[in-house]
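Each chain gets a letter, A, B, C and D, in the order it is written, and its residues are counted from 1.
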Amino acid sequence: MLPSFGILRPMKKLLNAPSDLVKEALAGMALAHPDLLRVHVDPAFLVRADAPVRGKVAVLSGGGSGHEPLHGGFVGRGMLDAACPGAVFTSPTPDQILEATRAVDGGAGVVHVVKNYTGDVMNFEMAGELARDMGISTETVLVNDDVAVQNSLYTAGRRGVGTTVLVEKICGAAAEAGRALADVAALGRRVNEHGRSMGIALTPCTVPHAGKPSFELGPDEMEVGIGIHGEPGRRRAKIESADRITEMLMEPVLDDLPFRAGKDVLLFVNGLGGTPLLELYVVFRKAHEIAAARGLRVVRSLVGPYITSLEMAGVSITLLEVDEEMVRYWDAPVHTAALRWGV
Amino acid sequence: MNGDAVARWIERAAGLIGDNEKYLTELDAAIGDSDHGANMARGFAAVRGKLAGHPRDDVGAILKTVGMTLLSTIGGASGPLYGTLFLEAAKVSAGKAELDRGAILQSLSAGLAGIQKRGKAEPLDKTMVDALGPAIRAFEGAEGVSLAEALGRAAEAARQGAEATIPIVARKGRASYLGERSAGHQDPGATSMWLLLRSLAEAAAE
Amino acid sequence: MLPSFGILRPMKKLLNAPSDLVKEALAGMALAHPDLLRVHVDPAFLVRADAPVRGKVAVLSGGGSGHEPLHGGFVGRGMLDAACPGAVFTSPTPDQILEATRAVDGGAGVVHVVKNYTGDVMNFEMAGELARDMGISTETVLVNDDVAVQNSLYTAGRRGVGTTVLVEKICGAAAEAGRALADVAALGRRVNEHGRSMGIALTPCTVPHAGKPSFELGPDEMEVGIGIHGEPGRRRAKIESADRITEMLMEPVLDDLPFRAGKDVLLFVNGLGGTPLLELYVVFRKAHEIAAARGLRVVRSLVGPYITSLEMAGVSITLLEVDEEMVRYWDAPVHTAALRWGV
Amino acid sequence: MNGDAVARWIERAAGLIGDNEKYLTELDAAIGDSDHGANMARGFAAVRGKLAGHPRDDVGAILKTVGMTLLSTIGGASGPLYGTLFLEAAKVSAGKAELDRGAILQSLSAGLAGIQKRGKAEPLDKTMVDALGPAIRAFEGAEGVSLAEALGRAAEAARQGAEATIPIVARKGRASYLGERSAGHQDPGATSMWLLLRSLAEAAAE
């Protein structure tokens, strides 16, 4: 039996029925990480094994599936209390978010980390309204760090990409340290304000339900300014060398904040899914060189596929201007499936 | 339209959307993330299940069930928006055994207002608003014709509105990330809105 | 400038000159993990930042590049003291291995963890001879766990694949705990004897120097019994559902040792590079179910891309029958770029 | 052959292997891991660099440099094997300003023995042994002809030996993992061995 299921061609995927993908993956996560997390089936969400933690602010995020390890891989001590996975590339629904919010509220309120996509924003908004009706305090941290998208009041605004991982880590640590709801949310917003990202794709990805690649790229083409949903980027260009591509990503990122000489930064080189680690380190090397030439001090770094777009080949670079507090919370212990240290 | 007619409408819509799942996904692939067909099909399949055996005496109750179900099964941008459309319409028609023309107009208008409040889209932003808005105006303007004919005109206006999104540069939703590249493609949500309204017209003509 | 460099078509890779790939990636690793490791350029190898550790047995591995994070990503406290990366899919040379051996020898000897490939075996053998000539005690642990390959005295024998990761972790922990050279090596051999693996590929990979995919697969085909070097597998088959593929991998693995009811196992579902985490968890779920149905207790698990084949889409499953000592060393603290806990 | 002739050989070999890098890699793609061309080209490019300005008075010393350089730059299976070939030949010819026919035969034979000791391959295992073995036998049997002609016959035997690997099911090296599927493809290492011996014959004929 081919995993084509009503779609004409088989896909190069390890898949049963596309409509079961997220559910089955959650079941796999529950079996692989019983010490870390618990899975709720209907509506679908993940919570850390010891949720709710009494008196602690909870941090919750969610979004379409297909970006793993984001968000489920970040559930655990020192990071997310809950994650709400939607269908592939589809924001979760208000009832998922509401139930997860209720499941993790320890009486100190819940921070919703929301990537700025119309669907995510609206679903979280509705869930937040319902939660407040039930007497749960919630705060929203909206992540919108993608410099490939023009920021404007008249559009959906910038997308939330790589900085999301950093917001989740830092807010999670602050919550674990006993900080109050408003503080955790303010810190998350500060991280978002100081983070900028941009990405390119060398290949498209295939949404299982769609059964064919989201766009077509010639053998010598890449998409510049790609997001994480298989949507086309801002423009198409000829593939260039890794060094040149790194420059093409670093320049708009550096100029946007702008990042000024003498500042401390966290440099995050993220794989979009199908790009080998070897290549990510080649990009990291050049990005580090460019940052240093700009007078920035790279005090922390992260290299790997942390916010992906299924099997898409490509890379995004996130630069976060850090202060002492952010570094402290970045360094704080974390124990999740995808990010772990100090414990 | 009574409860049976509304249920027939939703049944037809589920069928039409299921038949067009691939088409909607292809439209979304061009300027979005290739999930609109799957989202709508999942939502309307769930609604179909919920309406089987649902009491038919209160149109508002039916529409509320539809709205709640879409809200909790579609997700994405279209979930809250289609959910809101039906929930707002349900408020207007709560307790009614039948909707007359005025009530239908009120319901659709309340739905549109809800969509615009939730999504902040203006006309010509290249969204589902561009199908629903013209449809409501056509329905309102179709005086002296039968209900079925008026709804037929509304559906036709929705079709034209959806088509008219092609040259627009998107300012809302995921397509806006493409900037100028979003021009030249029909908006998926406007297209599914047309299918929904076509089903309504067909149900009324049955 | 396209990264085609004498090759006619550009590749979907983040690459400068193919001949600089490994060198540049090592430079990136050094910049990203200054607290963890040091890079030696000529000959090329990585050592943990505090090498040599006086009085401790050192654990060293190496092999062709293109399998990242293996081996460089496992250098650090509690795992490898050194890694020797060859060119992509090409075993390192004796001088690399010799120099790395000298750099990490703390006086208690050095264990070489060698995957069973003719090239790796011969290069490590020559390096071992040279090291012994210099008075450094070395022991070799040969990993040959791939049940897709017939084991025979008259051939090159089985390949070393997934179990390598487990051998490196467990030997590294034993060395860190102060165990003697012979003990660490014996433990490594015991892990190898109790580990079995098998993999499938849904897509080929492209060696940068070669510039085109190592083999061609039809849109509905997969290679069964794939290794990690882009070499074709044992046979070609039609793509099947994830559950069926998992059965096709688990059955030969389970039957080979054979794994008997009542035993404790570590279940390792490994991505070959281009397969999303979401799909790996779908496979894990089914593999766990099959193991449980066989009466095995999955007491530890690992899910992710840890021993890869560039951007190849596919999965391998490794099952290790563990004893109390292996579990203890598996759980011991480890601090490397790719595997970290307890510290 | 004196030191100059040996240096010319290696120079020619580097050129021929460089020209055939892609071909060797393609052979390796079919039954191996697509690196044999790059491995050999990298090794011989390094050797070329090392031999520029190398003293020519001691053939053994030249061969030793070649062997050490190949050993430390090729890697993979072919690195230790080609390295061993030259290192064993170097031992036999150490201190000699010139190799006569007997010394050449001795050197090649010592090289083959080294390769077989290191790699444990027997004839017809589908390896470089299947080119070098027949070449040595042809060279030994070519009595009453010039050195250049005898080496030409050796190279031709190597070519035939490489070709004869096509139907063989591999029992050594990476190709053995393919089992029956390894039949029908020419062994890359036997092919590079033929190129090496062809260069030797050409250098002798110059």
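The rule is simple: contacts are C-beta pairs under 8 Å (C-beta built on N, C-alpha and C of every residue); 3 or more make two chains touch, one makes a residue touch a chain.
In this text, all values refer to a predicted model and were calculated from it rather than measured experimentally.
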Centre-of-Cα separation between chain D and chain B, whole angstrom: 74
Interchain centroid distance [CA atoms averaged], chain A/chain B, Å: 31
Chain centre separation (chain B, chain C; CA means) in Å: 53
Graph class of chain-chain contacts, one of line, ring, star, complete, other: line
Contacting chain pairs - touch in the sense defined above: A-B, A-C, C-D
Chain D-facing residues of chain C, complex: 18-19, 43, 64, 86-96, 117-119, 122-123, 125-126, 148-150, 154-156, 159, 207, 209-210, 212, 214-215, 227, 229-232, 234-235
Chain B to chain A touching residues, read off their complex: 25, 29, 31-35, 37-39, 42, 71-81, 118-119, 170-174, 176-179, 181
Partner chain C, residues of chain A touching it in the complex: 1-3, 9-16, 21-22, 24-29, 31-33, 65-66, 68-69, 73, 202-203, 219-220, 238-245, 273-285, 288, 298, 301, 303, 305, 308, 310-311, 313, 315, 335, 337, 340-343
